[in-house]
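The structure that follows is given in the form of structure tokens.
Going by the order they are written in, the chains are A, B and C; count residues from 1 in each one.
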Amino acid sequence: MKLVHIYAALSEFLGKLSTSGFEPSNTLAPQSGLSFFDSVLRGIGQVMLQNNSYTGLLFLVGVFYSSLMSGLAVLLGTVASTATAMLLGTDRADVRAGLFGFNGALVAIALLYFLEPSVLVFVYVVMAAACTTVVMSALMSFLEKWGIPALTAPFVVTTVVFVLACARFGRLQSTGILPTAGLPKAATVEGVVTVASLAEGLFSGIAQVFFQGSVITGIIFAVGLLISSRAVFVAALLGSLLGALVAWVMGAAEPAISSGAFGFNCVLTAIVFSRGFFVVNSHSVLYGLLAVLVTAVVYAAMSAALEPIGMPALTAPFVLTVWLFLLASPRFSRLRSSAG
Amino acid sequence: MKLVHIYAALSEFLGKLSTSGFEPSNTLAPQSGLSFFDSVLRGIGQVMLQNNSYTGLLFLVGVFYSSLMSGLAVLLGTVASTATAMLLGTDRADVRAGLFGFNGALVAIALLYFLEPSVLVFVYVVMAAACTTVVMSALMSFLEKWGIPALTAPFVVTTVVFVLACARFGRLQSTGILPTAGLPKAATVEGVVTVASLAEGLFSGIAQVFFQGSVITGIIFAVGLLISSRAVFVAALLGSLLGALVAWVMGAAEPAISSGAFGFNCVLTAIVFSRGFFVVNSHSVLYGLLAVLVTAVVYAAMSAALEPIGMPALTAPFVLTVWLFLLASPRFSRLRSSAG
Amino acid sequence: MKLVHIYAALSEFLGKLSTSGFEPSNTLAPQSGLSFFDSVLRGIGQVMLQNNSYTGLLFLVGVFYSSLMSGLAVLLGTVASTATAMLLGTDRADVRAGLFGFNGALVAIALLYFLEPSVLVFVYVVMAAACTTVVMSALMSFLEKWGIPALTAPFVVTTVVFVLACARFGRLQSTGILPTAGLPKAATVEGVVTVASLAEGLFSGIAQVFFQGSVITGIIFAVGLLISSRAVFVAALLGSLLGALVAWVMGAAEPAISSGAFGFNCVLTAIVFSRGFFVVNSHSVLYGLLAVLVTAVVYAAMSAALEPIGMPALTAPFVLTVWLFLLASPRFSRLRSSAG
């Protein structure tokens, strides 16, 4: 059996997967146990903007591979935020597409990553995940005037609030992973960036979208993206690579590059711009590339800006950069014409 | 005379008070001295969202009971911001309802609380109170696209700006009450919270809306709310109690709980959600409860986030939480249906 | 020849200049080399809101007089942001009016003022200038719902991001001019403010709009404004003077006053309010004056608020104050009636 046949068979298989979940997401039938489970998996897939249960399942596998606690957090958070959306009577099609799951997943991983686990913390995580549903709905109402999506902003806002509150709440103890508050100061070039650093950063950057530093997890996530769309798969790898390259050229510290810290926001920006918002022409490709490069600069800036309150940038650089580039785009006629 | 008769008589008396001020606020007759005075009292009442002159009068009495300077500040600020609104030709019905008074009242108390009084500071206070009218109008224009109210945001913005400027203006000296700028760090459980702490916090939390720490003032304010609406009275007490309870469960410092620091934002959130935005059903009650609990968390987070610039959170946690919960609410069908 | 004749001749000459550039900006003919050059000069003029090539030329002369590097930066930044706008297919009339030049000019001066020049930094500057075009378009889309202009917000946002990123990028070194991150603390009155301080501050305040501290440059800029409009010329001087006076009365440090640090934001606010947004009457003049005074207070506050991240306030105080006063204005009937 030749390689080309394997590829053809794989393509056909992937093609089927990408158009279906366990149940089609546009089914408005009464929410059964299976369709709830399907919504949860799609919610996990939506962390990287994929409305696909199989992709979500692979993301979940990838997270569990790297960390049992993070895997449980993803399930708990996605279930809590999705259930809150259903209890409050949100639009069912949005719930089915996983739009009320991904921010819950992320906030739960983040809180269990930055806070020492305890019964109180688990209650706190459920409350935070429920809040992402409120923040998501609020941002949808706010942003619909401009037709731009909320992205992971609910996760960022909710995580910052619930983690910062530790500084007043003596029964919530932060783990050593949370940065200590300090004042930003000039950087020096630290460590030597090798091809291995970049290769590691390439896959870690994808894994970091779920706060994981494992190359294997990054590869599992990449396969998850490939199931959903080849364009998205390519965009994610390219985004992660570009983020690492910008960091290298600018003289960022080697550990930040190989751990994927400069990659995960760029991965997400690249995925957004691979999803056909614009006509594909030389202008729109350059526009997307600029957005990815700028995301890496915004990441550096925000991670410095948040030092005085001891908070990481999370995916705020992705959210802000994409909002700006999407808001601006209707004014650029060259992104719409086919003669680019 | 039985207790039930006293209650009935009191109810009737309160019923009369709550439907009338010194003059009905919808009178558009030329602004007389009396109607200006009435607008000022309603403006003071609006600090807790009550369009009622008697409530405003009781609030003023409560503030004077606790601090002469704060009482004078309330009068000065409310008069300055209300007069500015009239001079610039704002909608008269809004002025009569006190909508251009409450932010002036609060900014004046805050500035005379955080800055050493001097002739220059009094001029500064009048200028700041006038600014709240501009900020209020700006926010009304901005927010009307979503139909949400400005709340006390003009007070927060104006106070932060005018107090922070001290760091550049040598002739404005801060009092020892203003927090010193620092970096937020992990909290430990401080002090033992007793029933007395919670009871004190219950009324101090209401008093803190006007920057007062007195239990008696809190009780006078509560009576003021009862005059206006029984639902609001109950909501305010419940809000203050919930704020103190969240703080206690989470391990906040005892002094912060007994002084009402965790209560005042929750009081205001609870008042908003008692005012019939939604159909009353189990979902909308739970939604309001979640909003109150979240307000306490947002308070902890914002008071930490503002440490590097040495500013208190003021009522920003109330404003941001209510904005989010109101913006989100149209998307939740269960808050509208009677079958909750 | 009497003084009155000189004045008349000058007026006539200025009148001609102010209605024409090298080419009328409403020509929609294909963009020639000359019209591109004209767009660039108008872009430089727009730094102080003047759509006038001669004004832009004088600004450029003034900058070169004070600093060769800043002069080159203005050209590089304006060309880069204007060319980006053309490449992406922005509305041509906006490009011709210089609306996509001024933020590029400012970001380039700022980056070459705060960062040690290198090949990498020049590439970085071009990228930042290109970004101002995206941010400008995004803000135009966002703000058009309220009919308010983006002003220099794209410059502020882009500069803060690209300078802050230094804290992570070891190959970007900041110059000694960039403030060190610290915690704001109470000010004391420093130095003695003399008439000379105020006179120096008057012109330096205008020069500081382009980051220059030279009195001669300030005078050249003032002549540039006079060419465009006498009202604007008077407003700019008055704005700078008021900024210095507020700072003096409040007890700001003498060096901050004589260097024009308190003036440049007030200059810009005064120019906006001299441009006929409102009917000229006693109310609108007072409204404009209040806006200028408030700008100086907001400058003090923002420069303190940004200390923990070691960033200067740039023209953010101007932008925020003008946005608030413009947003609020439709609600003030006295700003529209002729009977003020």
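Everything below uses one rule, namely that a residue touches a chain if its C-beta (ideal position, glycine included) is under 8 Å from a C-beta of that chain, and two chains touch if they have at least 3 such contacts.
Keep in mind it's a predicted model, so treat the numbers as computed, not measured.
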Exercise. What is the shape of the graph in which nodes denote protein chains and edges denote touching chain pairs (line, ring, star, complete, other)?
Worked result: complete
Seminar exercise, completed: Rotating subunit A so its CA atoms sit on subunit C gives an angle in degrees, to the nearest 5, of 120
Exercise. For subunit B and subunit C, what's the span in angstrom between their mean Cα positions?
Worked result: 38
Seminar exercise, completed: Residue numbers in subunit B touching two or more further chains are 145, 183, 308
Exercise. Hey, which residues of subunit A end up touching subunit C in the complex?
Worked result: 145-146, 183-190, 247, 249-253, 256, 283, 287, 290, 293-294, 297-298, 300-305, 307-308, 323-325, 327-335, 337
Problem set entry | subunit A residues within the subunit B interface of the complex | 87-91, 120, 127, 130-131, 134-142, 145, 160-174, 180-183, 308-310
